[in-house]
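Look for subunit A in each of the two complexes below; its partner is subunit B in the first and subunit C in the second.
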Partner chain A sequence: MNINIQEIKDLSIGFKSQKGEQISILRNITTNIRKGETVGIVGESGSGKSTLALAMMGYIKHGLFTNGGECLFKSQDLLSLNNKELEDIRGRKIAMIPQNAGQALTPNLKIGYQIEEALRLHTDFSKVEREQKISELLNQVRLPSPKIMALRYPHELSGGQQQRVAVAMALAGNPELLLLDEPTTGLDVTTQAHVLELLKDIAKDTGTSMVYVSHDLGAIAQVCDRVIVMYAGEIVLEGPVRKILKEPIHPYTYGLLKSIPKLSLSGLPDSMPGSQPQPGNIGSGCSFYDRCNFSSDECKIKVPELEYLSEIDTSVRCFNHSELISKTSEQKITNELKKEITIDEILDLKDVSISYAKQGIIDQFLNKVTDTNPTVKDINININKGETIALVGESGSGKSTILKSIAGLLKTKDGYIKFDKEKLLSGDLKKRNSEDLRSIQLIFQNPDESLNPNHTVEQILSQPLKLYFGLTGSKLKSSIAELLEKVRLGAFYMSRYPRQLSGGEKQRIAVARAFAARPDIILCDEVTSALDVSVQAAVLDLLQKLKEELGTTYVFVSHDLAVVKAISDRVAVLYQGRLCEIGPSKDVYQFPSHPYTEVLIGAVLEPDPDIRPKLVAEDIVEEKPPEIGCSFQGRCPRIVGDKCRNETPPWQFGDNGNAIRCHIDIEELKIQQS
Partner chain B sequence: METSKNTFHENPKSSLEKVLDIISTMASKPSGFIGLAILIFHVILAITSPWFAPYDYKAINPTLMLNAPSSEFWFGTDSLGRDVFTRTILGGRTALTITFFGSIIALLWGGLLGIFCGLVGGRIDDVVMRIVDAFLSIPWILAMLLIVSLLGTTTEVLIPALGFFYGKGIVRVARAATHDVIAKDFIVSAKARGHSNLSIIWNEILPNVRDAILVEGAMRWSWMLLGFSSLSFLGFGVSPPTPDWGLMISNARGLMSFAWWAVIAPIVGLSSLIIGINLTADAFAKALGIDRSTKAPV
Partner chain C sequence: MFFLIFKRFVLGLVTLFIVSLITFIGVEILPGDACTSYLEREAFGEALAACIKRLGLDVPAHERYISWAYNVIQGDFGYSLSGQMQINEVLGPRIKNSLVLASAAIIIGIPLALILGIITALWRDKMPDIIISTVAIFSMTIPEFISATLLILIVAIWLEWLPGIVIVPTDVTFFELLPNIILPVIAIAMIMTAHMARMVRSSVIQVMASDYIQMAILKGVPYWKMVFKHVLPNALLPAINVVALTIAWLLGGVVVTEVVFNYPGLGRLVIESISNRDLPVVQALGIILASIYVSINFIADLLTLMLNPRLKTLQTRK
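Coming up: the complex of A and B.
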């Protein structure tokens, strides 16, 4: 068990800056991968985890070069091999599973052909044997009816199925080491849980060593035996998964774990100040010094060595790790939210339906409605002043679609949206008056896309100020400075371009731009999902503080149930554009709940190896909502028969104030779910 | 992990510094340096040549007909006994001026219409683009000949006419570049705030498509120069006796077998300028990070 399959010795990788300085991305990495174990590499974006994983298969990105050190695979230095020699190792001995299988598969070749190609390159099987092996592989990754599956094209599969095909291709050469680069990041929660389960079984069945690169501690907790935590290109902590996740003895890991929202806790998680230093900007001392709560003077001048503590089989890069051991037991989060909602309606969605179907010219002319099964249907939500309401669901649940129609970017097909009790919001953006436009602002998921790359922060923030308040000159400048102050950034940020800011800073600018309009409602579309965990906590905290200060109402769209639990007062669960459940967040997260909510909650990955996700439903993906009956009929684990397929389920009200749309009696659900 | 992340804490640059930066990047590669040098040489020559031209460009002297190059007449003389050197260094002035302003007009109308079409989309876009397609299918030289024969060959006619015909292609490039940014959230954000189309074009789209359009404009300049010289060659550009390369080539081409100097000099002038502009445009594109080899004009 303790044979090292890969040993990395003092590896440094870097690049040359324009001024000719050598800048390191990876600094003195020394670690090893044992036979048959699964090692997780965790870190925030820019920590060098992907660079390390690629180096493990002897690949160094264009523009980078090694700065000393070696990467031994079965005592052969991969970094000194030429391409021909590497070809024999890659695929046969070391295989890689990419992050986005949809992009990694060739779109115009059938699945079977692509797997066959991998077999042809990496094995010595004959044609007949290969045919057989394809079915075997597809069976192994638990794809239904392999014969039919092999004849499909990648676009005919769902994201989870594509990822399974990528796993099958990687397994084709029967590798000894499997590298996985964020293999489940783009997938829905339920699919993710299933794919992780599969990976775990494969590791057990084949005895393959795995290196699992991820920023998601929840996924790491499920599959890994050992964890390596990276920060600013260094290993800061390495050890068995339980030790790392339950009693972290490095301040960074400690802070990181505290900043993850968890289902078991209520309220906002603690945030970590600052951000990870960029390569080349790391000071002389410990790279985590600026953000550390446990630092001493020594940390500022001296770089701590990676110290091996044999009694807990853990390596740690910190002078003061002994201080942390006592701290780790107290994991209570204290910043509970105020959850008093006064009934004072600000937004009312009544019977809203939205359709993406394009009408033909003749139908348009006759004013005929052709789409009887719209993407979003029968949405009734009342939103009160000052509350945070969250719309939750997997991709395709229509949550962003609803947000867009509130913002006026999409027309509703039926129903209406009322603002401030009497004002009817037009579905056409051009027909809304400037006051209504100002009152509703949007924050987007990815600040790289939502901030104009050719504008300075000052120009970005001046857009709404000029448009709505006509500010100019010194008044404009002072307003911008005030806004920056509000989002905890200094006035010196004004002259910066988005590319000069970190991910968290960019999102703060996006928040500031939304608040510049002094809106009543802010629509947040997955605002934290593109951010690192520690930054996410800080942005959530900022949003909460601003809300308490200004009384803004948030409509918060997210797929992450833990984040939603942390920030929202009320939750609406959507499936296929239909409401399943709505109610105060603390009640929605308690049973009895809609079977879909149950599936979602069950699939949430907690950063704790002892809490396993409950996999209750199949991870199939439905293309279209069913025409009649319950929207969740296709996947429901508690389906009761024809009633679910033919009749629209009625609303039932729980004792706590949540409403569930299900045919099963709510008392019955309570018994089944407990 | 991007290797360019060390630009993280750079200080904001003024626009002058940015322009100087781009020029120095352009000149750092041999092809860009040569292109810039040729272009600058031609521009300086065009501006200053009237002051140092050794002879009068229109002085006809039958006794000096078709003299070979000598120390007195560096490039020889033409069929009317005029100094070829004088006429060559003056010959680019009209072409450069007319095509420069023509390119600006092409850039303005082509760029703005392209961005507008890309932004509004739908039926307006369809109709406008089909009209542009229709114009693209007409051979420009026929249309130009029609226009100049109806309206004359004055500068006031040539500049807008050339600007119109060379702007059609820019419409498509600008529209394609706009499509690249139009789906980005910052445009959606501006729309949701309720900005007018004009304000979205000016504030949000233009800064992001400017580079692509400028590079395209620079390329069009060299094509327009060739086009204008072709017009002159056919007798529809500059009127004699104004010196112009196209006209000079046309006049001297019959005598090429025994008075090659009279035709070689304007050819060298014209082709070197076109090559210079081409190299400069390519270097400009590379300095801005637009690779013309992968992003061909639509």
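Coming up: the complex of A and C.
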């Protein structure tokens, strides 16, 4: 088992800045991958983990160059090979499974062709054998009806299916080493759990070595034997998965693990201050010095070496790691949420349904209802002042759709949305008055897209202040400074452009912009999904503090159940645009719950190798909600028969305040789920 | 998919209808009418009345539009003023000449543009790209009346290889025309090729930077195979519409080049009929050029629909 399949020696990769300086993305990486093991490479965006994975295939991106070092695959330096020699290794000896299979499959070629291409290049099979092998591979990655699948184009498959095709393509050449670059990021939780399960089985069956690159410690915990933690282009910690995740002896890993929201804990996770330094901005000392709680004077001036501790088979780059060993055992979260919700309704969604289907001109004229099966249907939620209510569900669950219709960006088809008990909110944005618009603000998922790149922070923040309060001159300036203060950024940020800010800072500006209108309700659409974990914790913390200070109400949309549990007071679980369950968040996460909630909770990956996900339902993708019956009938593991298919399930109430929409008696559910 | 094609087709017809209305109204609201512009200083008294009667201008405008449109649909554009000829007879040879010029430019220009565009993209920032791109930028930015004049100066006057201007009757045979069109074709193809090559270049570069090309490389696909199978089909798809626009521009818009070379094509006819105030011809040209644009774009849409699997399935599914 201890034969190295790949050895990386003192590898540095960088680029030349416009001033001609050499800037390193990877610095002196030395590590190795053993035969048959799965190694995880963890790090936040910009840590260099993908660059390292690509270098393991001898691939250096356009504009980058190696700055010394070797990448030995079976004692052959990949970085010194020419393209012709590399073509023989890539796909045959080392194969890659990309992050976003939807974009990594060539759009004009059929699935079958793309797999066949790999077979033709890397095997000696005849045409007939290849055809057969394609079916076998598609079967192996558990895709239904391989023959039909092979004739499809990539865009005709769902995200999970595309990812499976990418796996099949990588397996075609029967490689000895598989590189996986964030292979499950961007998939729904249940799909992610299933794909990971598949990858684990493949590793077991074929004995292939795997390198699993991810920012998600939950996924790493499930599949890896050994973990490499990267920070700012360096390896800071390397060792067996259990040691790394349970007793992290590097301050960064320690902080990272604490900043992950977990289902088993309530309240907000601890956040790490600051953000990862940009390449080229790394000081003379330890790259983590600015954010470290355990630093000493030595750390400021000297870069710690990667030190191998043989007794725990772990390498660590820290002068003070011994101090951490004692600390790691205590893990408790102290930021318990303050829960003082008064029953004072601010938003009332009554029988809301929303349809994307456009009515034809003639149908509109005849006033005929064409869409009997709208995207979102029968939504009844009332939201109290000062409450954080979360809408959770997988993609296609209609959570963002509901958010948009509250914001007035989508018309409701039926039902109404009432604001502040008496004001009926018009579905038409143009018909809402300035006061209605001001009171409801929206924060988007991706600050890169929601902030105008040509506006300075000052311009961005002055828009709502001018629009709603008519502020000008020094008053406007001092208000902006105040807002920046509120989101923990200094007034000197005013003159900056979004591109000069880090991801977390950008999202803070987006938060500040929403608060500038002094709204009563803020709609948060996956606001932390595009952020790194350590930054996510800080943004969640900020949102919570602002809420406590200003009494704002949040409607929080997320696919991440752990984040939702950390921030919300109440949770509404949605499937295919229908409510499944609603209740206080502490109760929704306990049984009895709706079978769909159960499936979702079961698929959550905890950053702990000893907690395995429970896969209770298939990860089929349904294109449309069923016309009649329960919305979850297609995937429900506890389906009881025709009743579920033909009748809309009734609401049942648990002892602790959660309401479940299911045909199975709540007491019965309790027994089944315990 | 058929529905979509049908929709595009109807939309094209609507566009033509609107264009015909606009040209008709435009001609209508100009001060004076066909007769006053034609008769000029003699436009009074009996002569004017006779002319108005002859051209049927005494009938109300909407009736004239209807009868004009009715005739146009049947392929009859009426009479030109200056020549007293049937407009069809005036247009026929001009269209043929323009087609010859355009086809020659297309046959040379499009393959050349594709090849140059692909070369510059694949050797991005290296010598071939730098040289070709510099030349392309020059030929794009130098106005055609200058490049055309320079061509005449060098090839026709100094070297005396080819005729400098086209002095042939409008209705010459194809082979008589051939030596005359070489210089105009070069002048036009230079600009056209440069534009298209730049466009192909950026399209190929964009595709080369995509995830699926990185994936193809990591899958071990040999370079040229990757270029032909994975890169080009995806990169050239968006080029179809640009090519279509270029062709349309060639057929109607190369006014300057045609004038410099005295080439008897549609472009020069536009200038001539405007300066002669030959309003019926202007009207006819408006409709014809519009139909060329509409039909070529329609064909381009059809091609894109057929070649792009995404659009194809999207439509059949619905």
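Please note the rule applied: the second predicted complex is superposed on the first by the 673 of 674 C-alpha atoms of A that agree within 3 Å, B and C clash if a C-alpha of one lies under 4 Å from a C-alpha of the other, contacts with A are read in each partner's own complex, and residues count from 1 in each chain.
Simple rule for what comes next: a residue touches a chain if its C-beta (ideal position, glycine included) is under 8 Å from a C-beta of that chain, and two chains touch if they have at least 3 such contacts.
What you see is a predicted model; the values in this text were computed from it and never measured.
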Partner chain in contact with A:L409 - subunit B first, subunit C second, else both or neither: first
Subunit B versus subunit C as contact partner of A:Y153, first or second or both or neither: second
Contacts of A:N100 with subunit B and subunit C, given as first, second, both or neither: second
Which partner, subunit B or subunit C, touches more subunit A residues: B
Touching partner for A:D351 - first (subunit B), second (subunit C), both, neither: neither
First, second, both or neither for A:D201, with subunit B first and subunit C second: neither
Which superposed partner A:R432 touches (first subunit B, second subunit C, both, neither): first
Touching partner for A:E87 - first (subunit B), second (subunit C), both, neither: second
Partner chain in contact with A:H122 - subunit B first, subunit C second, else both or neither: second
Contacting residues of subunit B [partner subunit A, same complex]: 1, 3, 5-10, 12, 184-186, 188-195, 199, 203-204, 207-208
Sites on subunit C touched by subunit A in the complex: 209-223, 229-230, 233-234, 237, 308-310, 313
Contacting residues of subunit A [partner subunit C, same complex]: 54, 57, 59, 62, 83, 86-92, 95-96, 98-100, 103-109, 117-118, 121-122, 153, 155-156, 166, 169, 173
List of subunit A residues in touch with subunit B within their complex: 15, 17-18, 23, 25, 46, 48, 50-51, 61, 63-64, 278-281, 407-409, 429, 432, 434, 437-438, 441-442, 444-446, 449-456, 459, 463-464, 467-468, 495-497, 499-500, 513, 517
